[in-house]
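In what comes next, chain A is part of two complexes: it sits with chain B in the first one and with chain C in the second one.
== the complex of A and B ==
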């Protein structure tokens, strides 16, 4: 939106965005199309696109401005048509938003989500050679805006597609909280007997270098061809367009703000590496699709939103626990230091977390402990302080990531009673806890 | 040929000059802009054409996409970060680069935007890891005066340098990412350049202006000229990447000749109602052939495909530029599909080992009549088809006239060029939303006016230092002007000596194979300082220059000692003279001087010796 100065000028000459105008001042004459203001612009500067393609910012008060031509209305581009091939499996692509669907308007630079998610297919025609893809636009949200309501909607949509005969499901999703979604879906889609693949992109698909193309190709291969019966994330394995990794949904984590290979398995190996061509190489253990079995998929979309994730830091105030208790929270996951510590015997006695944690647990809250190291397993025995925390009833969450522990607790409280939830928190449900920490799972 | 000749041809010519800036950091990140040889690894990327404005994929982008190439990028320690690897959004615009482009714009009397809008220009040949180049229009509607004539400067842009090609494997290209993102100024002239010689003069003039900013890089490839040329009946052709400005006029002359010849050929083809035949698979004709080139391809499952050209007889082999024929033009197009080359009937069939029977069958199969020609390709399946399609397209265009295209300069004696891709359309630019627009205020413009390079002022200053007009002129045109200014900024420097060494000695030593661009500015300053402080003689400067060109880590003081170049002066020289007088048993000035200098030529200043002996 332009400021008042520019808006009223455009109004006075009856010019709108995309109309051609002429700016003249002495010998200088410029002609071009009116561009919309981006929010980054000085709002009193008019953006004009010259015929060379360059945009320029002009203070229109220095020029005489005339409208010379109304905008030509653009014709709709015909959508790509994909005919159904009986030989190929059916795969559903559920579109939820994020960078993978961000389409730039090349003329104005405005970024918007595709009104037709088929646009995604058009950009990657090779996926139509692996599967009959049906696109289901479920929502269009940047992932940082999502939470448990969306997770339930996605789970329901996945179940519906699978029950209607889809061999596998791809979910196009923003990357910021994709690992929260993948973990939650792993719990909500109980008894899953098909591949469910979340994918996204770190470079928007309007640029030729986008990672979206290979991510979609590899995800389609997993959904259409693999025998994996789990929820996972399929994105770049390295910075190169060589292969994607399919990472278990409860073990994945976004580890880089901007790189293509941001998703890494934590305390786990990728289930599979998928080459650019779609060839799948299995690299870890996984639950396999059971042939001939009647669908046993059980949707468990309950979720208790009264759970919180708290990071412990030096000098942190444990009274934050009281805040949540007073707000009626039912569970807290702590992101402790090292093996699962909080301050217990600090110089300032009032900074000890122990009485607050005990108080919370005595009041019926579930308190789980994870580590801000992310890699490795928490432990209840090595140090006295660990034993003290454990003795007041903190549940040590083994090798789970803090984020997975959080959504697991929300899901447990939403579907089971508190006692059951407490017991199940450090028991494996969907691959989130492994009894062995394999040597070669650090920084991979 | 004079300007009149070119005017009659309907000659139009404009230049685009690209100059790398010598800023400490890159345009949109904090990486070094220096050459970097510490490779830290590679990444491999695929790029594809994406739908452009109004859904249309830019013509040049689609053309490159048709080639389906995988790109390899070499990453470097100090000159590549995640921004260059297309793994992190760009940082803020480099201020030094902005200031430099603003002073240049001021020197050319340009109007500067109130707000500069960074754009993305789609690039499909893989030379940008992001598949686009960041670029921004800074000023418009300026002019320069060259030899008393005004030349319009419609635009000056600030943009990112692309990657350098390390190796072109045909189906894959390896790029070096160290260069990517170095600030680049692009100056475009209007198309009113009247002759090839004027094109060269304009390029030299702009080069001079750029160097006067004191902020440009020197050395091979740091300045590049692109030339746009057309004549009446021809078409706009862009020749990219000319490195040696002294050859620019010859490139333009050759392009004019090429367009004239092609326009002539088109007329002849029209008269003979020329036609391009359909592609025909002729693999079976060549099964078991003795023509090795074809046999090898077919044995590996390749295909032989051909088409006829009616009415082209003799024209494929007609020379249109030194050693370039219409056949070479078609071959250049065809090769972009990945083939090694094509065979055409105006070539000597004997050199391929094709038998008379095979040629007979081929002509029959293609339905050729007398006076018809053919083009044949044997290649891997897929590549063969694409190659033939490209060749047919170019042959068809020959009937229509001169195709609009982008060509690349062949930087050798021939001063010719080769086809690289069709001219890009206008649909390849959109806003760079990851960078904020840059507001330009009055203070910035005032500073720019203050620091604007001024050729006349510079000329007067140099005249005062050097006296001689010819040296001033040569220095103003030299890429080492900036260096001259840096050296002579120090007190006590002998300006004339510095100028002569930078101009003549550098050229002479370069010609003799010394890598003079290897010598850093600091090192040169050290050498001249050693001279002005009487540590070495004039003659020793040569020896130090040679040594420094061979070893970039050379320390000048150490080298003076190691090479025995220390000056013998004052008392030491008097003692030496006395010794020689005794040894030579003579006091004849001429004899003594000869004897002393034959042993200590590099260490003794002739004038000082003369004074002593006199």
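== the complex of A and C ==
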């Protein structure tokens, strides 16, 4: 299924899927097994499994490629046959890339890609008992490369599936920026009346410790069976394989580089815990599906990419605001300290952020304030420095994460006028602001 | 104890400490009680307790000031007499400002400042049983205004106290950037052979829920009794008043805007838990005090302020690196996604960070990589994008927090040549890098 360039290259060294190859370029030497391509792989990218167990996508034209060992071939899997079960709901799985992109068939041990429904069903047979799954390969990207263009494409694809009768949608996605995507989709899919479930994996599916299978099972359960009408992330709740958490898309955050329970709700409880069998236990408040209301979905994919997130630190140079102003930026989210501070009266007077923030706002920029503490809520009422920032027009973003505030501002500026965007920034739109933070939502 | 300007103003409206006043300036109207000044308050700042319970410092010349109610006077506290107890160790308390700056005497109910040892001992009598405390007012700043100048002043003050025979040092400090300070002091106080304890409070001392008293008691215990030869933060371990945690200075982070247990160890365990009675229970590994080694302390207060922390986000403009380069910056810490990613092959090619990072490094800048996940460890070995960043010379900062990596880089560049600084950035100096992350250090 590779494109012409990669296919000819593999042919030229007599290498096939599962054969071991070496790629060298200067000091960089990579060794691993050739993986099958995904159908979504329309770039000239070769997928190789490194000995670490991780798969990487490589442009082989930049490397010297040699075959070093032939694979031990196993018997070919017989082609699977699955037919639509009219008793089950229809669920669409939109594939966008990431570590979940490679799947092992745990009956045959063969590695293959999940971009054909049959393959997916063979790898995780449990989900066929819950729903008729259609798999849509939309793109094949590592999530750190994604931005607003991809968010709009995903939102459009989700809307299409829902309008075509899907009961719910699963989005397979890289984990790096999954929470930025989940927040953006929460805003773009206005009036959503179905579950939209982002999932992925921290370990590729061909490792014993992979989280791909349970994450897919639990995500299917939420998409096929829950009455949740929100966008959320469904991945491991703890480090063990007992349950997944379904976390509100605007309140989720990747909090660990490698753990399977990396996604955590910030200032919120999970909406639901989903056992590995698929049983759903609701644990938080959520918007429920309203029957007969499917037509309410309104796609709002506008996004102003001229928004930036700036983390404030001791001695930080406030002139960075001017850098963005000169580039025509329309909005900035500050990640301040504590309750929402920047230096205001530092020893080096030129390091005060107040005049720069004031200038930016006077020139029409929207400046929002969040906290690098992540947990808790910014508050203008406590200290003088906060009042000063507030008095020049900084919008205090309540209990939003910096990441959610950033994409919300991009979305607001892409869909509304500036005055309305400013007003809406600290008004709840999609569960991103809770008027009261429950006590047991710290480090959960 | 106020300076001339503030004293005359208060006199002119016949207002004294504890009287209720109103300050107005345009739309801003503040009401509260006049607090006593700190001796450290050499600026013309009036301290007012708002009805929220928080104290703010205000330049009253910018406001119209009226007295609105006289205080109900209580009997004057008799001047306390404390003499040095030769059986107890000497501990110095360096006062730098912050919310802990106002203290209530919980026997008389009067509010006063802790800048005289007698006052402090009256407010928290327990600590007089543990140590002879000398209080040194060094500065009176909200911590969000602090930067490297203040860090060097504090380090020098600590060294002076230790060289003069103090067994340990407590630093009363605002909480906003306390973890940046604790990390910097960990580097600046090279060869430290005594406990150096930063503490503060999230609620001012005259609120029933104040954490100031227990934090001071526990901090005194660590400074006077522990065998820990490290810089750390000692504040509430949980939201209840049962124990404080003493957290390594390079591994601590403020994780909540308002909770009293806001400081958490990141990828580390607390070094010790300290019960409110002062009993110390060691819970992690630490460097122990070596007897007869007091002379090893070497002050290294150099700091290159031309270092910046940049948080990477989807669609972020990598040209911000050039902004810092053109300003003569010598180092940048990136707060990447996941295992340490930036966009490398995004749809909009101009958004790739790779050429900007490469240019910066080729031009002599040090670029370090941390993760915005905060927990976990960056890793160059897994994905292609990581290998590419590594191949152009990005230094992967292991399990360091972005904040610690930033101040470490500033300190390295201020004390070593560039080549050595680059090498040392991902080598452990002061507990900031653990070669292996223990499992139960996530969200603790």
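Convention: the second predicted complex is superposed on the first by the 342 of 444 C-alpha atoms of A that agree within 3 Å, B and C clash if a C-alpha of one lies under 4 Å from a C-alpha of the other, contacts with A are read in each partner's own complex, and residues count from 1 in each chain.
What we mean here is this: contacts are C-beta pairs under 8 Å (C-beta built on N, C-alpha and C of every residue); 3 or more make two chains touch, one makes a residue touch a chain.
If you're wondering where the values come from, they're calculated on a predicted model, not measured in any experiment.
Student: If we overlay the two complexes on their shared chain A, which of chain B and chain C does A:359 touch? Say first, second, both or neither.
Tutor: Neither: A:359 stays clear of chain B and chain C.
Student: So, does A:240 touch the first partner chain B, the second partner chain C, both, or neither?
Tutor: first
Student: Looking at the overlay, what does A:259 touch: chain B (first), chain C (second), both, or neither?
Tutor: Both partners, chain B and chain C.
Student: Determine, under the contact definition given at the top, whether A:57 touches first (chain B), second (chain C), both, or neither.
Tutor: both
Student: Please tell me which partner, chain B or chain C, touches more residues of chain A.
Tutor: Between chain B and chain C, C touches the greater number of residues in chain A.
Student: Just chain B (first), just chain C (second), both, or neither: which does A:28 touch?
Tutor: both
Student: Which holds for A:90: it touches chain B only (first), chain C only (second), both, or neither?
Tutor: neither
Student: Contact-wise, after the overlay, does A:276 reach chain B, chain C, both or neither (first, second, both, neither)?
Tutor: So A:276 only meets chain B here.
Student: According to the stated criteria, A:351 is in contact with first (chain B), second (chain C), both, or neither; which is it?
Tutor: The answer is second: A:351 touches chain C but not chain B.
Student: Could you give the residue numbers on chain A that contact chain B in one complex and chain C in the other?
Tutor: Residues 27-28, 30, 50, 52, 54, 56-58, 239, 257-259 of chain A touch both chain B and chain C.
Student: Taking the complex as given, what residues does chain A use to touch chain B?
Tutor: Against chain B, the touching part of chain A is residues 27-28, 30, 38, 40-42, 45, 47, 50-59, 62, 74, 77, 104-109, 111, 122-123, 202-203, 205-210, 213-214, 238-242, 257-260, 276.
Student: Touching chain A in the complex: which residues of chain C?
Tutor: Where chain C meets chain A, its residues are 27-28, 30, 50, 52, 54, 56-58, 142-150, 175-177, 180, 239, 254-259, 261-262, 264, 305, 308-311, 313-317, 319-320, 323-324, 327, 335-348, 351, 371-379, 381-385, 387, 391, 402-403, 406-407, 410, 439, 442-444.
Student: Using the touch definition up top, name the residues of chain B that touch chain A in the complex.
Tutor: For chain B paired with chain A, touching residues are 42-55, 61, 70, 82, 85-89, 111, 113-117, 119-122, 124, 128-132, 135-137, 140-141, 155, 157, 426-431, 433, 436-437, 439.
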